[in-house]
Structures are given as C-alpha cells and as structure tokens.
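Structure below; questions to follow.
Note that the chains take the letters A, B, C, D and E in the order they are written out, and that residue 1 is the start of every chain.
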Amino acid sequence: MLSLCQRSIEPLLRAPVIGVLFSLLLILGAVVLSTHSPFAFFSIEGLVIVVGGVIAVAFMSFEAEDVRKALGVIAEMFRKPSAVPQDNLHHDMMEIIAWAYLVKEKGVRRLEASLAKRGIDDPFVKYGLNMVVSGYSVEEVRAMMETAADAGFERDSIPVDVLQTMTSHAPAFGMIGTLVGMVAMLCSLNDNVSNIGASLSVAFLSTLYGVVSARIVYMPAASKLRQTVAKRRFRNQLITEGMVMLVGDKSPMYIKDRLNSFLRPERHDYINTLKLDQRPTAAPLRLEVVRA
Amino acid sequence: MLSLCQRSIEPLLRAPVIGVLFSLLLILGAVVLSTHSPFAFFSIEGLVIVVGGVIAVAFMSFEAEDVRKALGVIAEMFRKPSAVPQDNLHHDMMEIIAWAYLVKEKGVRRLEASLAKRGIDDPFVKYGLNMVVSGYSVEEVRAMMETAADAGFERDSIPVDVLQTMTSHAPAFGMIGTLVGMVAMLCSLNDNVSNIGASLSVAFLSTLYGVVSARIVYMPAASKLRQTVAKRRFRNQLITEGMVMLVGDKSPMYIKDRLNSFLRPERHDYINTLKLDQRPTAAPLRLEVVRA
Amino acid sequence: MLSLCQRSIEPLLRAPVIGVLFSLLLILGAVVLSTHSPFAFFSIEGLVIVVGGVIAVAFMSFEAEDVRKALGVIAEMFRKPSAVPQDNLHHDMMEIIAWAYLVKEKGVRRLEASLAKRGIDDPFVKYGLNMVVSGYSVEEVRAMMETAADAGFERDSIPVDVLQTMTSHAPAFGMIGTLVGMVAMLCSLNDNVSNIGASLSVAFLSTLYGVVSARIVYMPAASKLRQTVAKRRFRNQLITEGMVMLVGDKSPMYIKDRLNSFLRPERHDYINTLKLDQRPTAAPLRLEVVRA
Amino acid sequence: MLSLCQRSIEPLLRAPVIGVLFSLLLILGAVVLSTHSPFAFFSIEGLVIVVGGVIAVAFMSFEAEDVRKALGVIAEMFRKPSAVPQDNLHHDMMEIIAWAYLVKEKGVRRLEASLAKRGIDDPFVKYGLNMVVSGYSVEEVRAMMETAADAGFERDSIPVDVLQTMTSHAPAFGMIGTLVGMVAMLCSLNDNVSNIGASLSVAFLSTLYGVVSARIVYMPAASKLRQTVAKRRFRNQLITEGMVMLVGDKSPMYIKDRLNSFLRPERHDYINTLKLDQRPTAAPLRLEVVRA
Amino acid sequence: MLSLCQRSIEPLLRAPVIGVLFSLLLILGAVVLSTHSPFAFFSIEGLVIVVGGVIAVAFMSFEAEDVRKALGVIAEMFRKPSAVPQDNLHHDMMEIIAWAYLVKEKGVRRLEASLAKRGIDDPFVKYGLNMVVSGYSVEEVRAMMETAADAGFERDSIPVDVLQTMTSHAPAFGMIGTLVGMVAMLCSLNDNVSNIGASLSVAFLSTLYGVVSARIVYMPAASKLRQTVAKRRFRNQLITEGMVMLVGDKSPMYIKDRLNSFLRPERHDYINTLKLDQRPTAAPLRLEVVRA
C-alpha cells in the first residue's frame, strides 16, 4: 500500500511548492472534516508571535545577510520547482579531461588563452584554473584549493544553521503564544467560565502554528539547503582533485579513472574509454562547442 | 525469564514482517483487552495527517529518488524475510586470494582475461579490478578506491537520513493532528459537552498513530538500513585493502593474513593456511567453480 | 550526608542484581507508603505492550544475534555479580614483557614453540602472536592489528546500540500503552464516569513501566556494556603496541616503559625495573608458572 | 509575503537591541490583545526563580570570569549596535603582503624595526611576528601558532558554553517555578477553589519567563558569540598561514594567491595583482599610512 | 541591570557552596512567598525515590570507584570553596625552562640527581621526567607521553559521565515518583475526592525534587568536573611538549617561545626574555627555592 501510495502522489510532489500545498491541503482537509468553521483556526496573535518572533530572533542571532539567504531559500521553495541539473558531476569531469588534453597537447599557455576567450562563471573553478596557470606546485595548488573549498563550505553552512535555529524556535514561540493565552484566560477565569473553551482553543493555535511552520516550512528548507551545500562541497573536492592532476601533468586517461571514483558506479565510463592514442584531438573542442 | 521469553519468540521474529505483525498484534491485543470496540481506534483524519504528512514532507525535504529508496526499504520490510548472506566477507576474502594466485602465476593479463570471461556484478569490485588491471601504482589505486568507497557511503547514507527524518516527523504530525482535533473540540465546547470524551479520544488517536508509526515502521527501517550501509562500507574497505595488495604484488598468504584482520576472530583460518609451496595451483580455479 | 549514605549502601550495590532489587525496593516502598493495594500497580496490558513491544522492535531493528547478546547482558546483570578482574592491563603488560625476554634470548622460533605448548585463549592475542611469528614487518603488523582492533570494536558496539535503542523505545511504548488506555477510557466516558479514576490509573501504569524499565534495566545494561567494550578496545590498543614492539625487536625495558603509559600512574613500576643485566633469565618462566 | 516582510523589518533589526525590543513588543502586543491587564503578566517570584536561579547556577558551574564574560555579551547585545568590521580578512591579508614586501626587500631586521615603531595591538599577530622575527623554522612557527590558535579557541569557547548552559537552564527553572506554584496551589485547594485560576496563571508565568528568556536573551547571545569565536579562529588560521609563508620566504604574489583561498571568491583580487616587478616599493608604506 | 546584578552577587557565589545555598534560598523564598506552610514541600517518598533511585542506578551503571569519585565531587562542592591555582600553566612552563637550563649546562645526569633530591609529586610529570632521563628518542617520548595523557583523560572522563548520567536520571526518577503518586491517587479517587489536591501536590513534589537536584546539584558538579578534566588534559599537553623539547635538546629560549603558545597572550613574557647569554646560571636554582 505504501509503495502504491508514493507512486501516485510522487509526480505531484516533485516541485516543492506543490508539496507544501499538498501538505497544507491534507491538514486543512482534516480541519474541515473535524469542524464546521475553518476560521476557528485563524488567530492573528498566534501568527504574530510565531512568525514574527522566529524571524526577529533569527535577525538577532545571525548576521542579516545570512538570515536573508535563509529566507530566500524558503521563498524559493514556494516559488519555482527546483530544476536540479543531475548531470553536474559527470559534466565537470568531462570538462577537466578536456582541459587535460589541451595542456597535454599545447601546454598551459594555450589553456590560459582558451579560458580567457570563453570565460568561466564558477568562481571556484576560476580560482583553481588561475592557480593551475600560475605555475604553482602540486602541493601548493592542493593546499590552496582545499582551503578554498573548506572556507566556502563553512560560509555556505551558516544559512543552514539559521534554518535549523528557526526550526527549533518555531515550536518554542508556539509554546510562548499558548502560555500567554492560557495565562490571560486563567486570569479572567472567574468572570467568564463559559468562554473557557474558545479561549483555550485560541491559545492552542499558537502551538499548532509553531509545530506546523517548523515541520512544513523551516525543516524542509533546512534539509534541502544542507543537501545543496553538501553537494557543492563534494563537487569542489572533485574539482580540486582534477586541478591537482592538471598541475601534476597526469594523462587524461588517468584523470578520468581517478575522477570516476567520485561518480556513481553506474555512471562510470569504461567502454568508451578516452584512450590517448585512439581518440582524435578534436574531442575536447567538441566538448567546448557543446557547452557554448 | 527474559532469556526464556526471547528464545520462544525469536524464531517468529527473524523475518521482519512477522515482527511487525507481532508488534501490532501485541498492541491490538491490548486494545481489545481494554475496550469493546476496536473500531474506536480508527480515525481517517488522523491517518491522513500522520501518514500523508510524513510522506509529503519527506518529498519536500529530499530528492524524490532518495525518498523512493527509503519507502522501498519500508516496503521490503513488510514483504519478504531478509535472507542475509552471513558469509559475505569470508567469501570476498577467498576470491581476492584466488585472484592473487592468478596474478602471481600468470600475471595481470591473465587476471584481465579471466575477469572478462566471468563478468563481475558488483560495481565496486569491478571498478577496483579495472584499476588493478590498468597498471596504476599502489597509492593511486588506494586513493581511487577510498574515494569511491567514501562517495558510495555518502550516497547510501541519504536514504537513512530520509528515514530518520520521517521518524522525527511522525510524532510531530501526530501532535498536529491532535492539536487540530482539540482546537475543533474546544471551539464547539459549549454546544455539546456530552461529546467531549469521544472528540478527545479521536484527537488522541493522531498522537497514537504518530508514535506507533515512528516506532514500529520508520525507526526499525532506518536502523536496518543504517546497518546495511555500514556493512557495505566495511566490506568495501576490505576490498580496497585487497586490491591495493594485488597491485602491490603481495603474496597470497600475506593477503590472507592481512584480510583476516577484517573478519571475526573465530572465522580466521590458521590451520588450513594457504601456503604457497603446499597448495596446488588449481585452488583458485576451484573457488571459481564453487562460485559459478 | 551524601557521602555517608553512599558508604552505607555501596557494599550492597557492588553486585548489580542487588542494585536492581534495591532500586525496585525503593520504588515499591514508596508505592506501599502511598497506597494500600500494591496490586493496583499491576497491569498485564501495560507489561505486554512495554516489554513485548520493546523486544519485538529490537528484533525488527537489529540482527537476531545482536539482540540476543544484548538480552544476555541484561540477564547477566540479574544473575551473577560481575567479578571484574581489575588487574588485566598490568597482567597483559607483564606477559608481553615475558615474551620479549623469550624473543631476545632464544629468538622468535622459541616463542612459537612456547606458545604452541601453552595455547592462547584470547583470539586477539592469538592473532597478534601469529603475525609476530610469521615474520611480518612493523608496519604490516601494526596495520593488521589496528584493523582487527577497530573491526572488533565496531562489532562489539552493535549490542550497545541495541540496548540504547531499547532505552529510547521503552518510554515510547509506555506512552503508546497510555494513549491506548486513554482513548479506550474516553470512548466510553459517558457510560461510566465513576470509573474514570481507575481507568486513568491503569493507563498511566504503561508510562510508569516504560520509564522504570528504561532507567533500571536498559540504561544501566547499556552503560555497563559500553564500558566493557571501551575497556576491551583500550586493552587491544595496548596489545597492539606490545606486538609491534615485539616485532620491532625492542628491549623488554623499553617495552615496559612504553606500555606503562597505558596504565594508571599509580600502577607504574619504576623501582622494580626489569633491567636487562640484573634480571635472571628465569623471570618470564616464573610468569608463565604463575599463570598456569 | 515572507520576503516582503523581512525587507521591511530588517533595517530595524540590524542592531540587536532593537531586535530584542521588537520581539518583546510582538509578545507584549499579543499580551495586550488577549488580556486587559498587562500587570497580570508580572510575577516577582517567577522572575526571582528564573533569572536568579539561572545566574546562580551559572556561577556554580563555571568560573566567575567566564560567567562575567557571558553576561557581558548579553549586556552588550542590549547596549550598542554591533559595528561589525566586514573587511577584516581582506585587510589582514593586505597587511601580511605588505610585510612580505618589507622582508623581501630589506630583510627581517627591517620588519622588526618597523613593527617596534608602529606597535601591534592584536596579541595573536604580535606573538606570530615575534616568532617570525626570532628566526625559527617553518615547522616551528607553524606548530607554535597552531597551538596558540587552538588554545585561544578553546578559551574563547567557554563563555559560549556558559550561554548554552543558561539556555538549557532557563526553561528548567521556569518549570521549577511552575511546579512550586502548582504544589502551593494544590495544597490549599480546598480552602479557596475560587482562586484556582489566578494561582495557576501565576504558576504558568514562570514557565513563560523561562522560555522567553531562553529564546530571546540567552540563545541569540550564544549564537552571536559562537559566530564571533568561529570567525576569530578562522582569521587566526589565515594569520598563521601568512606568518608561516613569511618565514618560508615566499613571494608576496604567492602569499596573496594562497591567502585568497581564505576569502570569499567575490573578494579575490586577480586583476590588480601585486606583481613584484610592477609594484612600487612604497606600497607597503602606503598601507601603513592608511592604517595609522 | 543584569551586569549590576551579577556584580553584587558574584563575590557571594565564588565559593560553590554559597552558590548552592543562594539558589536554594531563592527557591525557598519563592516557596515561602507563595504558600504559608513550607512543610508542604517535603515528601519523604519523593526524596527516597529521587535521591536513592539516582544513586542506586549510578552504582548499577558504573563501577563503584567511579561513582564514589563523582559523589566526592558533589560533596566537595558543598564543603569547601575551590581554591583554584590560577597560575598553574605559567608555573609549569617556568619549571620546564629551569630543567632545560640544568640539562643544557650540566647534562641529563644532573637533572636526574636534582629530581631525586626534590621528589616530584605529580605522577604525569614524574613519568615524563623518567622517560627523559632514560635516554629515549624524541618520537618515543612523544608517543609514550601522548598515550599517557590520552589514557589519563579517558579515565578522568568517566566520573564526568557518571554525573551526566545522574543529571539525566534525576528528572526521570522524579517523573517515576509523580506517576506512582498519581496512580495511587487515581486508584482511590472515588473514596476521597476531597483529598485530590493534597495528593496531587505530593505527587508533583517528586518531579520538583528531580528537576531541582538535576539543575542545582548534578549538572553544576558535572560542569565543574568536566572543566577540571579538560584543564588537566591541556596542561598535560603542555608538559608533553616540554618534555619532548627537553629530550630534543632545544634551547631554553625556544622552549619558552614554544610553551608561550599554550598560555593566554596577556601572560606571554617577551620583555623579560630568558636569553641564554644574559641570564645568570642561578636562575633555575632560584625557581627551585621559590617552590621549596
């Protein structure tokens, strides 16, 4: 049953925004099933405390720039379906192999010229190629690029921390809202006992908002971002290894075998091996054309 | 008493699906003991919020492929008893020793031919043998295979993360369902006080579903998968060590002693030591036959 | 007051089983003090859900063999007082030093003969001595024994995981039992309001069982086993270091100084230093006699 | 909506003190919305237990100096907006490059004289330059400065621990206050049932204080301080690397490329490369003037 | 306000025992404020379950010796103000430098004689000096002392684990006591409804005891001990480094510069540099006299 269930809803969920809507629909459906007035589930105080409180504390705890990035991730989750380019790693590997051919045949100068013409967008690759072209040793290039990859990973991880902190704050602010509501209700208990149900229900709404926002907004955003950051680090390790091999003057075939170890086994490429003697010189050029 | 108890129920539990059924039976038995109408424990809203919410959020938080793998693990737990091949590591070791004999006697070329004939299913072993046959150095093969093992482990670990996230989401969605039910109940408290018991019992069902599904479905699945992944990593370390020694041209006897360190001590094999001078050349062939 | 208290109860608690009984007595005493009928604290449904559920889920989550080991640790805790051999590390050190004398005076062959006569029980020591006798290099022996120690530690740690998982499951199943009881009670609230107290008390019993079993059974067992496993790992590091020095042909005195670093400072042995020139050759033999 | 919201409130929140006030305003606003007497939310006992208890336990758990530092961080959060010098890392890098020019052209002695004239405030930089000037080897300087950076990081982290401990204590002391209030209320239940609401509301105030102070005071302070400490460690790594290169007599251009790896890619400086042959000798002097 | 508050209470809190009394006073004050009979806060059953249960389970979970050490730490917290010798690290450094002068001028033999006369209390320093005097190489001494420092740290950390376990057990046993009380109360609900308030208040006392003892006794003790253990490890790293440099025959000035890296920057000592040529030979002797 489970597997049937996932198959039927999965296409709907590929785009996160639909996932959010679907989840909210599930809960709203249950709400409508269990009560006659969905407006009973709306409380402006609860929203102010839970949403406002979480965002305010995030700005207090982190630098504004990091919080803005974290909120951007949430906003993106609602706006557009994430078009994940699955082929990234394989493409990066092929590009490095192409550069290795260039270096092998025409030397580092030619690589420099070729790069100047094309322009490189990715700052990490750009930094790496600059170091390769500058003529540093293998150890120097490795130290530089590993520092750059680690420093980038640490910087990228802060917005993940922001979202995780927000995940932990949301239910706490929900509890604060509920406590405020209960204290207010208990204070005036003797005056209007008849109203206790409505007051309690409003008080509980804050907790509900806190748990729902944590689980449906902050936690998925943190999870998505953590994976994105981890993937970038992994890819930067591949690039680092590739640049180091470019500097070390390794054969394109060795580079391919070495970088293969970063890919899924089913994406390894043994048959169509790039053998130095069999392969026409045009190959790397073809790759460049494909990319341009 | 405990040990008696475990002995009597343990055969029943070897197959996880029976374990699940047994656990559910325990709880259902207690349910039947404590109430007269088991249908009182069914709530469609609770099921929708808890099961649907957890799966929807999982699709929001992870890539569809990883969630599908995680759900596949759950489905498998219910379908077939897991036939764990206990002998894996010892078998892998014997195979590597057989290859070492081949290399020792007839060189790497012969190993290549032999492998081409037989075909290797496991992609990690296949990658490793390809590197051995390609004539790379010890350090190069070690770097490649360690990267491949680490990258594989990181990829395999994501579905474990999915299941752990689901374990943490299930009780939270149970709480969401209960809060929805309580708010609805409290809103209309004045209209029907007489119904408060039934409403509360329905509200609590969501929490019950959340805790039960987390503990009986998601957590055991996460635990099983985590162990499977850890075992694969450990085995890949053994394979890596073996491949490195094949490249390093170590004697089959040394390889055996080295790989023994990965096995349980009671599985070490001292008496029947594969001594180079005593052992007939046919030994590795016999191993291949056994496998075919 | 605290220190007085511990002194008076500590002899009673040295044997874990008495500790368990004492803890239960404390709680039962409090139970008897607070109620007139101790049978009010017995609920067959609660026991079935909490004890049965935890064991069933453990069998679902781990391999049967590991769960059986974990349950064995619990059973042992109740059966016999643990006779901890405090002197282990010092004894291991003395034995390695004796072997070093043998190697120094009569060569590795003699050590081999001596070992064959006596027989070694401990599989890790046996493996190590086999590697020493086989004539491998220092690096090879270190790599082998470190792998064996790490692999053994990982295997030994799984039952600790089982007990920790049971510790976390017990209160959750207690909560499940309580929720089942409360839902059943609330369902039939209108029929028998007078019985609400008794029903609630039975429902709460499951939570009580869950917390008590977690804190008095599973957690101490996990803690004990974790320490045992950590000690074995530490001792295996000492053995590894000793074997490596045997291979490296270090003097017995150096071996002693080096292995001293693993012991508590108050157990270091400076005065009675085993000086090569002063010490009669019979010393290692005396050690063997002491052991036989 | 989210991103609109953050844009509008973000300038207000850049100074933490305004953030605190804003958060408190949110909650007070909700309080005023839900009750007519804000004084109902004031309880002297609750404040004494929660604030006093947390600070007292902090002094019991840590050394007075560390607690004072932690409280200083909280006080600072309320007093002045944090003027974060964004340009730190880039500035440090430029300074090290300037020193490298000095060493290159006039030798270490000149650097010593120049430093004696200017005076260095930062103790870590001062220690590093002293070691550079003392003529130690690359390995020695690296070992010294890494130890100094690690030791400094460990010392700096203790106030973070203090604030994290306070974060965990605050809700616990809130619970203690609530339990005290509830026990007192339940004791005298029969005397004045009519007062139960007010008593409960006062009891709940402690929990409210505990959660609010943990989330709005201790946790943001801990978060801010943790980031400050992490940034200082990162910057000290950059300084260490720079000093090691000064000792290693690397060219200013290499130092720049190496230190670039610590900066954000968008702050890398390729075009305006400090080439040894193009750059006038006055450059480092200019830097000194800028700083003076 | 916060900083004013801390300044006024801080002298009182420097001795932990006063901290404990102050915290208890805060809570008792609140108790007295909120109720007229402080005896309502005393429950012999609660104390037996919470205090006895926690200690009994500690003896079940750990070895008696470690639990006794942990209880000793708690007892010490109540008995005497901790006179922390702030100057430890600097003093250790000066002593090592004095030894370096001795070795430099008169050789290792003289150091041995000098040590035999004075006697060394600290077992770690004693072990280290023995190894220095025994003529081992730099690598050997480093390996020995690092093992000794690590092993000592692991042994010292067990009582910290005991106290952390007690911190987690105390609220759980509080919950057990409360559950026992509530079950007993609910059982006899129909007989005496009028007594429900008093029974509940007694039941809640166990929870109160659990939380209070965890937060005011076990947690501060664990925190204090953890810091003590961490400081000892850090100091042993300094000693190790110093011993290694003694063996490596480094100049006293280098030793000073190297060990400076372990100290706070404000305790570095640049001006009064111990220069080999300027400093009279009597200096180390003076240090010894100061210490005797």
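Criterion: a residue touches a chain if its C-beta (ideal position, glycine included) is under 8 Å from a C-beta of that chain, and two chains touch if they have at least 3 such contacts.
Keep in mind that this is a model prediction, so the values were computed, not measured.
Visitor: Taking touch as defined above, what minimum step count separates chain A and chain E?
Guide: 2
Visitor: By that same contact rule, can you tell me which chains touch chain A and chain B alike?
Guide: The common neighbours do not exist; no chain touches both.
Visitor: How short can a chain-to-chain path be from chain A to chain C, counted in steps between touching chains?
Guide: The least step count works out to 2.
Visitor: If chain C and chain D share one sequence, what is the angle of the rotation that overlays their CA atoms, in steps of 5 degrees?
Guide: 145
Visitor: In whole angstrom, how far does the Cα centroid of chain B sit from the Cα centroid of chain D?
Guide: 42
Visitor: With chain centres defined as C-alpha means, what is the inter-centre distance between chain B and chain C in Å?
Guide: Computed value for the inter-centroid distance: 26 Å.
Visitor: How many angstrom lie between the CA centroids of chain B and chain E, rounded to a whole number?
Guide: 42
Visitor: Please output the residue numbers of chain E that touch at least 2 other chains, ranges allowed.
Guide: Chain E, residues with two or more chain partners: not present.
Visitor: Examine which chains touch each other and state the graph shape they make (line, ring, star, complete, other).
Guide: Topology of touching chains reads as a ring, each chain with two neighbours.
Visitor: Put in order round the ring, from chain A and then through chain D, what are the chains?
Guide: A, D, E, C, B
Visitor: Would you mind writing out the residues of chain E in touch with chain C in their complex?
Guide: Interface residues on the chain E side: 44-46, 48-49, 52-53, 55-57, 59-64, 67-68, 71-72, 74-75, 123-124, 126-127, 130-131, 134, 136, 140, 143-145, 147-148, 151-152, 154-155, 158, 165, 169, 172-173, 175-177, 179-190, 202.
Visitor: If we count contacts the way the header does, which residues on chain A are in touch with chain B in the complex?
Guide: 2-3, 5-6, 9-10, 13-14, 16, 19-20, 22-23, 26-27, 29-31, 33-37, 40-41, 77, 84, 194, 196-198, 200-201, 204-205, 207-208, 211-212, 214-216, 219-220, 223-224, 227, 230, 234, 241, 254, 257-258, 260-266, 268, 270
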